[in-house]
């Protein structure tokens, strides 16, 4: 290996997103797997059958499914974003760590709504975590897509807006769920379950409307 | 790096399976390691020796071994499949996440059968998780192997069928275990323990019967 | 692949930092995610509302935030250091494992100060863990930056000193926090919360004062 | 990419150790981090200070340190071995999974000896886990080093024997610890703590005695 090659390798290594991705994938893998620890095998009270006892696991199971999907979407969106990014810098590394913060809180939030699924405090807190995931994700998107030297290819304004829209719209609905947590806790919980479906539809729409070759075409 | 190279890198990055594999390996590593948390060090009741108390750990240990092997097979099969895959697309990313769902439930299932090893409800639920792993694995196989642009090399129909067979046969046996869980719980549990051995034999058979150069030759 | 290429690949593989980084990233990802397990969903005592009960979670939450930031900084510093390192050797592998030791103790330390946030013993122990992270990090820095054959580029003395300073200064403040843990426990806790902010300022200063092309320019 | 290149990539991918290493590193990272969950923050009994209560944590802490070192050595040895390996095959994949089995049991073993540090049953079980790690590690070594097509370079008999020796010697000492667990439990525990130091000395010896260019030179 000659000197030039070594300098180039060194430069790329310092701005290489590999470890940022390794850390993020690791964190996501653990979060998604820790969720199952909230599914407690029931202890049978006197005369109770396991079949009856399993009914108590249902709210936990619902929280498990909803949160599994939330984490999966967060990961898929992170992968989409970083498939555009060729280099990282200091701010991007820290924005990514900030993004991981609400993600790491999710198992606690899932635990809260699985035990107090009708309590506005639990529902609001879960909503705030979801909102924080959306806001910090927008932070990375806004920062990175506006800096062509970090990207594989400069991003056209239309694609940037599409990237905003697929996050802002669900975030707005989550905000509604937070506002209505006291008045209509069931509606809040329903929103947390339904938004991922809307998100899917939104991505499909963004892909369909997108021009060939644009970034939205590859949204997952 | 010239522009063409950057565009090519960008294209490959967006369809690159690397992060899908990183997430999957991470999840599998965590699941297989979390299983041990179900092995509880016994508390000694008055006059009990540790030797006696360890006997209570046996069902947990059995569940640990069975589930360890299930996860290992799921991972080896996943590795075989993705060794054929050169590129991912949106559907493949989501099919893979769906595959992770029953895998993530396995520690709960293992916990269930370790505490209620004779209860049909526990045995059935464990069977359903195994069945779901098989079905979602078939989903990835069917999708990917039918799309040559995602593969390193187009797959001949014989190899595709072999890939189906090694999953469908155990899945059918698991279905039997679910059906007989009430009538013969011990038989159910035995099936969960014995199927991996059959699976091994099946793979060895598929490798032996396969033509040189065919995909089955590399089944793990 | 010809023989020379294979020999070269073999040589690089044996001194390749890849697996050291994979292990480190994995450990950091797990530590940062395990912290959430210390946030216990409260059990409601008679007549208590969830809102009241959540107040008891506050010290845990504070410990969670502080420790999250500590781990994030440890990881970012590790990434900075290894972005300079092209090859590993036996000592570096073991120095890195020694660095992982206090990191792995962090969830225990966080658990201690979240339950006994005013107890000098808990605060001192947390401080010792932070100090050990700093000392072991310095060990890697001192070893690697003084051995040009392990680096992408030889490091000038000024950059080496800057790399020391950003670790030694916070470590000295942590030592103060340990000393004053008995006399002023609240001050100790405050120090653990404030030092990361100083660290940020310090890095920013080091980047600003640094010459173009020097290693400090890339401190994260 | 032309067809030949794709075929070659495909071939290498199917025999590529990357995912085997990713799984192994992930499992090791999790095991080493889960150990800390055995360090329980003490509950204070009436009138007890935290300082007194921390004394009860000592056996757990000892078990933590011993097991941390055991896992670190297992990982370093695994890295050494796989730095020789260029390709995997079916047997190697499964031998590696079998190696992971006793490793995954380690947190349970650590938990046993941390709670029953003088009980022969606990000490014996811990010893059996350590022995199983050694035996399965030898299995990989024997299989891989005897198959030149899996290696970067054929391994000379002297290096193969050195690789055996550094594992067999500690394994023999562990066997002694198991035998004397009933008669001298403290000696057993001491052996588990001291063997890693012998292992270090052994590796250093093997490196010193080795010819330049031989595999032992790179033992970690």
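Lettered A, B, C and D in written order, each chain numbered from 1.
By our rule, a residue touches a chain if its C-beta (ideal position, glycine included) is under 8 Å from a C-beta of that chain, and two chains touch if they have at least 3 such contacts.
It should be emphasised that the depicted structure is a prediction, and the values quoted were computed from it without experimental measurement.
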Chain separated most widely from chain C, comparing mean CA positions: B
Classification of the chain B:chain D interface as same or different, half of numbers criterion: different
Cα superposition angle of chain A on its copy chain C, in degrees to the nearest 5: 90
Interchain centroid distance [CA atoms averaged], chain C/chain D, Å: 25
Centre-to-centre distance between chain C and chain B (centres being mean Cα positions), rounded to whole Å: 36
Residue numbers of chain B (touch at least two other chains): 22, 26, 29-30, 34, 37
Interface residues, chain C side, partner chain D - complex: 6-7, 9-10, 13-14, 16, 19, 22-23, 26-27, 29-31, 34, 37, 90, 93-94, 97, 100-101, 104-105, 107-108, 111-112, 115-116, 119, 121-122, 125
In the complex, chain C residues that touch chain A: 21-22, 25-26, 28-30, 32-37, 39, 41, 49-51, 54, 68, 72, 75-76, 79, 82-84, 86, 152-153, 207, 218-220
